[in-house]
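Order as written gives the chain letters A, B and C; numbering starts at 1 within each chain.
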């Protein structure tokens, strides 16, 4: 049925939102700062993949790994140079900083002669494969998106819950000074988190590339990831994915059933409803200051 | 005969699975200094938060001047005549001391937004009379030196006094002081004791306070209530409560029979 | 060094605190009033833009800088005001009425947008306002019967009864008048109990409530005021541009407004003006600098974006108090010369601590 097809593509799109939201939530869980730069990191990751495949001629698998490494370094660098000196300042300031980082990334990419202003196609090995299941057409692109999202989310969840690194990250976010006293290498952890978030963004970018093509304004999709993070509950990793999928499905169905224009704002209507009825999101914590 | 200013009856509040305050009942009489004591985590600040309506009781009844307090919105409490200070100072950090105190006069304003936008003469007159009242409090607590200093740059002891001043600016009938002497040295604590006595006698304000410093408690309190784990242990004068066995057990632990642990002394050396 | 000897409470209440204030601001005002006579038309136009953005900056400064409510959707209010002006000017409505309606309708939208503010804080409020911004932008684009949709709409010149404002000088005069009045209104609000209530909400909501400040009322008021100012700015913007379309009031415009107040200096009225000045003159500097850079960099389309980003990062990292903060430091250096100490304005190094509590 057509509705199922619409839902299927909605889930795939939602997984992308969820992956970007995963990056936010990662950084939020570890440093309690919000970053608006995830979309642009995703765009940079996609361009890195493009560079490897199209301009350096490397096979897709190698390109993926190399892009991830390159972006991990870039994430690390951004944290070291720009974010670290201002940790402790009001949240507003840090958000503006990440907006600035986004602008810089977008500007730099657009400035690359010839490549920056064009839209490119990223050749992926699974681009034209699709499966038939009953009356549904399941594109390999979308299946790969969903599978990667599930795997990545699972890995990160396990890391945060059971590994020492994950627990240390949570400790740092709750009380940085105490974390220092306990011997946690706070600076290194923060850089690690940003590197990790950059890698997640890269994967999102590479997965998105066949769907929306690679261009400098790809990052604006990142703005839809905020509703995903809020719907899921800002401190929850699985919540980010669930939120993303929810938003993706609602968006797809709006495009299918509602008049034109509603599709673009569907995500934002959902987040507003969520903020009214359940501000902590589906899986979020109860936030309250103790006096 | 003094009337009852504040009364709590079987007051309870539950947070998730934790019963923070359990059937607490007490009455505060007009003009007295009533102190809540108890170990940390006893629920004393929670009681304060219930009175100033930052929390809502899950059961029980609070009334102030005969009116029910259970459903009053948090911002109406100051207008009703109850002011409070906070355990961890909640001042307006990016404003000067003077501005903090002027905010304390908020409940006594008579001009609305439109008049203020046009800064009509009535607004100007109100600003001057507000300033005059605030200066009286500044004189009372000797804060002249700090009038224009940003709160963020003040030492801890002065901040406590500024919090007290801000609460006094609301011209309350009931003043809730949450650990007024915590973090203060001996001299500052002595000053605080004098101020509390002045507040009671000169300004006629009823004081309900939470305190750990027993010498301060004995010096200024008329009656004391001891709490532990959300429940009332004893009520009475400071001396009565301090010698109450349940209170001693709460602070120091019970008197166990330790004879079994004593080493046997044999007759021979 | 200036020592102000205070003898009456009036001195702390009045807007011009001492002779120096009166002199310099008077000079500025005189310069602005006579500008059409000594300023070239191009720079006059730029000054008009500075004033329009200052008005919107005042609104956002009030909301984010003084009340601490983080809004990433203020361009939506600007859009509402602009479209009200566009629609009413087509009917020849006198400008004062247009302005009042633009402010009023924007204020109403502001009240609606402010509803989430009563329940959520911080970044969640930012996301809520961002969402509203998108919804309003889309709404303006879809309501084609009134707004002309994505194709945009022409804006006729403003009229005051029979006087049509069609010269640069007369438009400038109207803008100047509106800017001065808006600034006075905002300053008046800030020095009275409403302004103090805003600051209280920013610094500590809990103790603001304990002081009798009705949070919902003042937060809504702050949103409405901010929206009204943005609407006024939007109306003037519409008349200046003479043609508007929904995309001019989207997320990029909202971020421009935020950039403006952050770079200007959060929490000060001067900051709104300095930020507006910066926002309007930065493209000029980029254009001037383009000729000195190698063609690869100078002619690239992404240069503006890059410079904006770098400047924003630089300000947040090195001058968190913004342009006004830098001006304060310079002025204090001169005032205290030679006793200025290096660490006078230094923020205490703070460690990040979670406000969350399970």
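Keep in mind that, in the parts below, a residue touches a chain if its C-beta (ideal position, glycine included) is under 8 Å from a C-beta of that chain, and two chains touch if they have at least 3 such contacts.
As the structure is a prediction and not an experimental result, all values here were calculated from the model.
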{"item": "Remotest chain, subunit A as reference, centres from CA atoms", "value": "B"}
{"item": "Central chain (distance from its CA mean to the mean of all protein CA atoms)", "value": "C"}
{"item": "Between subunit C and subunit B, distance of the C-alpha-averaged centres to the nearest whole Å", "value": "41"}
{"item": "Geometric centre distance via CA averages, subunit B-subunit A, whole Å", "value": "48"}
{"item": "Distance from subunit C to subunit A - Cα centre to Cα centre, in angstrom", "value": "32"}
{"item": "Residues of subunit B touching at least two other chains", "value": "54, 86, 90"}
{"item": "For subunit C, residues that touch 2 or more chains besides their own", "value": "206"}
{"item": "Shared-contact residues (touching 2 or more other chains) in subunit A", "value": "291"}
{"item": "Partner subunit B, residues of subunit C touching it in the complex", "value": "9-10, 12-13, 185, 188-189, 191-197, 199-200, 202-204, 206-215, 221, 267"}
{"item": "List of subunit A residues in touch with subunit C within their complex", "value": "31-34, 82, 85-89, 91-97, 99-111, 113, 116-117, 173-177, 180, 216, 220, 223, 226-227, 230, 234-235, 260-261, 264-265, 267-269, 271-272, 275-276, 279, 285-291"}
{"item": "Touch list for subunit C against partner subunit A, complex", "value": "64, 70, 115-116, 119-120, 122-124, 126-128, 130-132, 134-135, 138, 141-142, 206, 251, 255, 258-259, 262, 266, 296-297, 300-313, 316-317, 320, 347, 349-358"}
{"item": "Footprint of subunit C on subunit B - complex, ascending", "value": "52, 54, 73-79, 83-84, 86, 90-95, 98-99, 102-107, 109, 111, 113, 116-119, 123-124, 126-128, 130-132, 166, 170"}
